[in-house]
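Okay, here's the structure, questions in a sec.
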Amino acid sequence: MSLLELHGVSKEFGAIRALHDVSFSVRPGEIVGLMGDNGAGKSTLVKIVSGIYPPSAGHLSFEGSDAHIASPAEARRLGIETVYQDLALADNLTAAANIFLGRELKYNVGPFRFLRHNAMNARAAELFAELKSETRSDDLVKQMSGGQRQAVAIARTRLADAKLILMDEPTAAISVRQVAEVLSLIHRLKEAGIAVILISHRMPDVFAVCERIIVMRRGNKVADKPIGETSPEEVTALITGAKEAA
Amino acid sequence: QESYQFAVVPKAMNNPFFDLARDGCMARAAELGNVECIYIGPVEHEAATQAQIIEDLITQGVDGLAISVSDTAAATTVINRAVEAGIAVITFDSDAADSQRTAYVGTNNKEFGTALGELLLQVKPEGGTYGMISGGAAAPNLAERVDGVREALAGSEWTEVPGSPTFSNDDSALGLQQMGDLKTANPEIGAIVPVGGWPMFAPDGWRNFVDGFKADVDSKALALVVADTLPVQLELLKEGYAHGLVGQRPYEMGVVVMDTLLAIKNGETVEEIIYTGLDRVTAENVDEFLN
Amino acid sequence: MADTVQGFSNVRRTRFWQKGFLASQSAYVLAALIVIIAIMALLSPNFLTPGNIANITRNFSFIAIATLGITLVIITGGIDLSVGSTMALSATVTSLVLSGLAGAAIALFPGGALILAVLAGLATAAAIGFANGFAVAKLKLSPFVTTLGTLSIVRGLTYVATYGRGAFPTGPDKDLFIAVTAGRLFDLIPISFIYLLILAIAMYLALHHTAWGRYVFAIGGNESAGRLTGVPVDRVKIQVYMLCSLAAGFNGIIISGWLGSAPANLATAYELTIIAAAVIGGANLAGGVGGAAGAIIGCVLIEVIRNGLVLARVDPYWQQTLVGCIIVAAVLVDRLRSLRNG
Amino acid sequence: MADTVQGFSNVRRTRFWQKGFLASQSAYVLAALIVIIAIMALLSPNFLTPGNIANITRNFSFIAIATLGITLVIITGGIDLSVGSTMALSATVTSLVLSGLAGAAIALFPGGALILAVLAGLATAAAIGFANGFAVAKLKLSPFVTTLGTLSIVRGLTYVATYGRGAFPTGPDKDLFIAVTAGRLFDLIPISFIYLLILAIAMYLALHHTAWGRYVFAIGGNESAGRLTGVPVDRVKIQVYMLCSLAAGFNGIIISGWLGSAPANLATAYELTIIAAAVIGGANLAGGVGGAAGAIIGCVLIEVIRNGLVLARVDPYWQQTLVGCIIVAAVLVDRLRSLRNG
Amino acid sequence: MSLLELHGVSKEFGAIRALHDVSFSVRPGEIVGLMGDNGAGKSTLVKIVSGIYPPSAGHLSFEGSDAHIASPAEARRLGIETVYQDLALADNLTAAANIFLGRELKYNVGPFRFLRHNAMNARAAELFAELKSETRSDDLVKQMSGGQRQAVAIARTRLADAKLILMDEPTAAISVRQVAEVLSLIHRLKEAGIAVILISHRMPDVFAVCERIIVMRRGNKVADKPIGETSPEEVTALITGAKEAA
């Protein structure tokens, strides 16, 4: 049984057809690579699955039943976590506060529930250490370097008990050594039975971790192949349009 | 001879009416020599700010207070506090009768309204419809004037149009716009009675408005009877841009306020209600006032 | 491929209602305005009479010029609360200079005193605007607090200038002054409306067809990006605040001409109305969005509501409540647009 | 390595003045406040008398509670212009209910009428806040225009409620009402100051030690990020606007107790002062920054200036100008901080 | 003679020492790679050279004479162009408007100078075609995908007559085929005598175009070597700290 299925999903922004009749499915624990030129519609697809945009046409099903994912909160309830391309961080909060946003650790004092600042900072520091990232958990995100911000967004998904994680270019800004950590993280997720959709422009990364690869071009799905049946050269040709479909 | 500091607290400092009271009190203080007139109040008409300023004056230890009351109940509380602190307190222009103030100097606002109504009856006895323009919707003295006008005209041929009075917030431009609106909404309107002088404080705007219906105004088909008698208004009346004015005597209020406070300080007894009187001005007697 | 643009197969031609004015908030508020005008005309037979239309035209041009100015400031992401005070001080200075020159009996060519007086008024406004702009652009103070300070400072100076009495324009040039502010062209169109039209067209051209306009929008969209790409951010900001004050000052002078008086409490609290007009017309207080047409539509809307409620003889105590309701309703129509764009 | 943190060799220990309160705008404004107090004390011998200090304490608590509320709204990146009107309507409703219950001669336990009356006043405020919050959060209307609309609507309703006359608290519970609003604890500390302290501490705890406070800051920092990470943005926004209105309503009720009256024009134009106090105290209208301590400091500063200038017998026409100058100067000190942080 | 020289430049943000005593020089027409872990201080260095931050200590010289670069406008006047990591785009303007921001094409009508909208759009479309980017010049930047935004930022530098171009992760978000275009663009810049400092986490790209490589670690310069004398493995070791210096 597949975890997530898209049936003929389209999305239009005014005159721009960002997605056109896209269908595919993801099995539990599967790692799918999503590639395509800039503006091909990858992020739009992610945003539809994570409940930010409603599709203009088509529908989704999750765990076998029809899913109307009306909001990001609902996607989270279903077990869908997302690393957004624009990272979605609150600049005026610390790294730890961002990681725990919406999932704060608390203790009870009578009827009141107060934050466990130290516990959250410590856990965040652990997560950064795990990612081998030079990010300090009590720094404000506003003051962070591009890669540090990305580490915060990735660390966030580690807290949840997800079934599907969507990663929209999680390694774009991070340095060589963390890239390896993120890839090994994805492997560990698979072992824990969590499915991952990985969007990336880095061919070697995609071929290193993914089992299947989907290629988009100008809003259309042009290929959907197991990794063994394709090659970086073919995928590049599909992305640029040199090859029409596969 | 002892010297005193008396504070005059207007409802709002952005109202030209109180400027005259200030001038009167300053002039009188200079004449008396041993009295200083402190003029201070809220910039805009608002009761809590006035109360806070009065509190500040109590702290400062002035010898006497003359207050144009912004809100009766609110002022009563602070006036009593001032009296307890040993300060001589009187009210002017607008009263708080239930407070421990020693005296009230000013106009009888009800009578003021009645005078406006009576003057309208005198100008145009045959009646018609009329509309009023008021200032702030919360001002008690203006409400009394409105009631006075209605009382004087009750039983006559005059009927009030719906939507009257309009509230100009003491803003001349808005007052003038409302004059225009009243005339447009009620093309047959027989009289407009602003219970304060606001629209006429903008002389050319007023002329402009009247020029639109000059013939009607000349024939008294549209009668204009207005409160207050500031110099600009008298000029306009003389030029035939209004039929009658009823004015208070703010300058005199300022003078009397100083005298009354000084009398209290000197241990003399003063009358509780001191009316400074009203001026009724029409084309016949306007020159007396213009001197 | 006939249906695509520039060879992008995933882009169709933009339909006419999806672009330009028709897709803007201003268009939707214009629609709301037309509905309100229709309702008012039904409620009061006098609403659409030529006299009343002339009244409305004149009344709204009184705040519309200042609204044009503040729209510029709002586009850069700023705000100017001092416009009401600036109107009062400029009007006061103009009146004082006009009367003063008459009193000084300096022989000038006809109209000379008027020109000097108006220049003095505008120079005052420009100085206020410069102070605001300097504080915001160079000292990086919050525009809200700075201009709230100026509101208070300038109003205070207006009181100080005439000791609370206000000023009256007098002297030989007075009639000319009244003619060029409160007059009517061909005895029909209020001259203030002509000024408004000219300024609105100039503003439209400046915003959309000059580099300066680009900078104004860029500053509102992303000030630091503007700075990084060589936009003279500080200079443009100072200019914008100066233009805003100049517009307010000019507006104040016109009002005082119409009133024949510059009372010290002229235009008290107008700033909120003016900002509301700009925002109703589509200017976004977060910066980056706004325009001349919207500013004018916003002003018309506010004046139509005010005038219409009086004409419809609504109980004055209820009028204020209704004005508020209609303002909220007017911006609610903008939601229609957002909903349609999904 | 003794000088580094958490094993980051490029990070030294943060010095005490570089973090927490001492590095915030509030601290710098507090410094400015102390300077101003010193100057005022020199100018007027009555300034530091116990009586005057009690006056100041009471006066600033009058707007400070509303400032706490509006600070919350400002942190979320919104604004609420309707606070002044809300103060007036809540006070009016409370007075009307108190008098009405006395008139209806319903036998209640002592204080029962007072409790009902205050609850009615607060319920009114909550309803206004809910309307504001709903329009801003759910309908996505601009907070400025929405609350400008509510300003007008609510003020109109206040006039309608008493036909412009205002209301007076009367009845057997009146003395109790005065005691719990205008009274003094141990004959010294104004009770309104106690309320302020309790509310400020509660606000501090809520903002910095609960998840709700995190959400408030997150919404102001990046609303869409908050939405994406599962923060209940709409709910929190509605709560924040309701708390703001409740604070304003409570503040209005206290003022009316002190005045012994709820005039219909109570608190007219207070919104600008209240917002100015919040911003001077460090709240940023762009959202994401602000706090309880700053709000109080801002209010004290404004009240000290007002009171001090009256006591120093500055010409009232100049006072307004000076208030404006000092407000600008107070935010100017914040530039010192930014400069020092390079 | 060197084009740009840094002498002992340091930069501190409160307690964070983002740069510590960094010195190096760049010759005209030289392509220098700048690498380092996230938070190593690369972007901070770029911002100092492009006039955003003043250094806390040390000084710069440009074309042999001491340079006090006090603002981005001044850097531009000297001939220093920058592609910022956060792209620095005005979201509410179109791609073309962003590219030409501060350098608009105009025509004169009497004393007035009006914008040449069509000319700017056409030129922008040309630039995007040159970069093989799927970016439309009259779209609002707000509506653009991550890679399209990056293309706008890169296209911007093509208009100027620069002597030194700083590129802070210019290829992070763009797709495979444009990466090649950007690298060939850098080659062409070199041929035109323009120096480039390229910051990137993509080892292959850096080794493909750069002549020299500088490695930063926690604010310190730990290596500065011609590309021929080092290897990806050594650089990785320097970045992660496995190797202290070289």
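As written, the chains take the letters A, B, C, D and E, and residue 1 is the first residue of each chain.
Simple rule for what comes next: contacts are C-beta pairs under 8 Å (C-beta built on N, C-alpha and C of every residue); 3 or more make two chains touch, one makes a residue touch a chain.
For each chain, UniProt lists the protein as follows: A, E = Sugar ABC transporter ATP-binding protein; C, D = Sugar ABC transporter permease.
For clarity, every value in this text was computed on a predicted model and none was experimentally measured.
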**Item:** Shortest chain-hopping distance from chain B out to chain D
**Value:** 1
**Fill in**
With centres defined as the mean of Cα atoms, the chain at greatest distance from chain E is chain B
**Message:** Averaging over Cα atoms per chain, report the distance between chain C and chain D in Å.
**Reply:** 31
**Computed distance of Cα centres, chain E from chain D, in Å** = 47
**Message:** Centroid of chain A to centroid of chain B, CA atoms only: how many Å?
**Reply:** 72
**Asked** If you look at chain C, which of its residues touch at least two other chains?
**Response** 5, 8, 11, 155, 159, 163-164, 317
**Message:** Please output the residue numbers of chain E that touch at least 2 other chains, ranges allowed.
**Reply:** 13, 16, 134, 218
**Asked** Going by the touch rule set out above, which residues of chain B reach two or more other chains?
**Response** 13, 43-44, 137
**Asked** Any idea which chain A residues touch chain D in the complex?
**Response** 50, 52, 71-73, 76, 82, 84, 87-93, 97-98, 101-104, 106, 112-115, 117, 125, 134, 136, 156
**Asked** Once bound in the complex, which stretches of chain C touch chain E?
**Response** 5-6, 8, 11, 205, 209-211, 214-215, 217-218, 220-222, 224-232, 288-289
**Message:** Quick check: in the complex, which residue numbers of chain C touch chain B?
**Reply:** 44, 46, 49, 51-52, 55, 59, 62, 155, 159, 163-166, 168, 178, 182, 255, 257-261, 263-268, 306-307, 310-317
**Item:** chain A partner contacts - residues on chain E that touch it in the complex
**Value:** 13, 16, 36-40, 42-43, 85-86, 132-135, 139, 143-148, 150-151, 169, 172-179, 201-203, 218, 236, 239-240
**Request:** State the interface residues of chain B toward chain D in the complex, per the touch definition above.
**Result:** 13, 38-41, 43-48, 51-53, 55-57, 59-61, 70-74, 76-77, 136-138, 140, 143
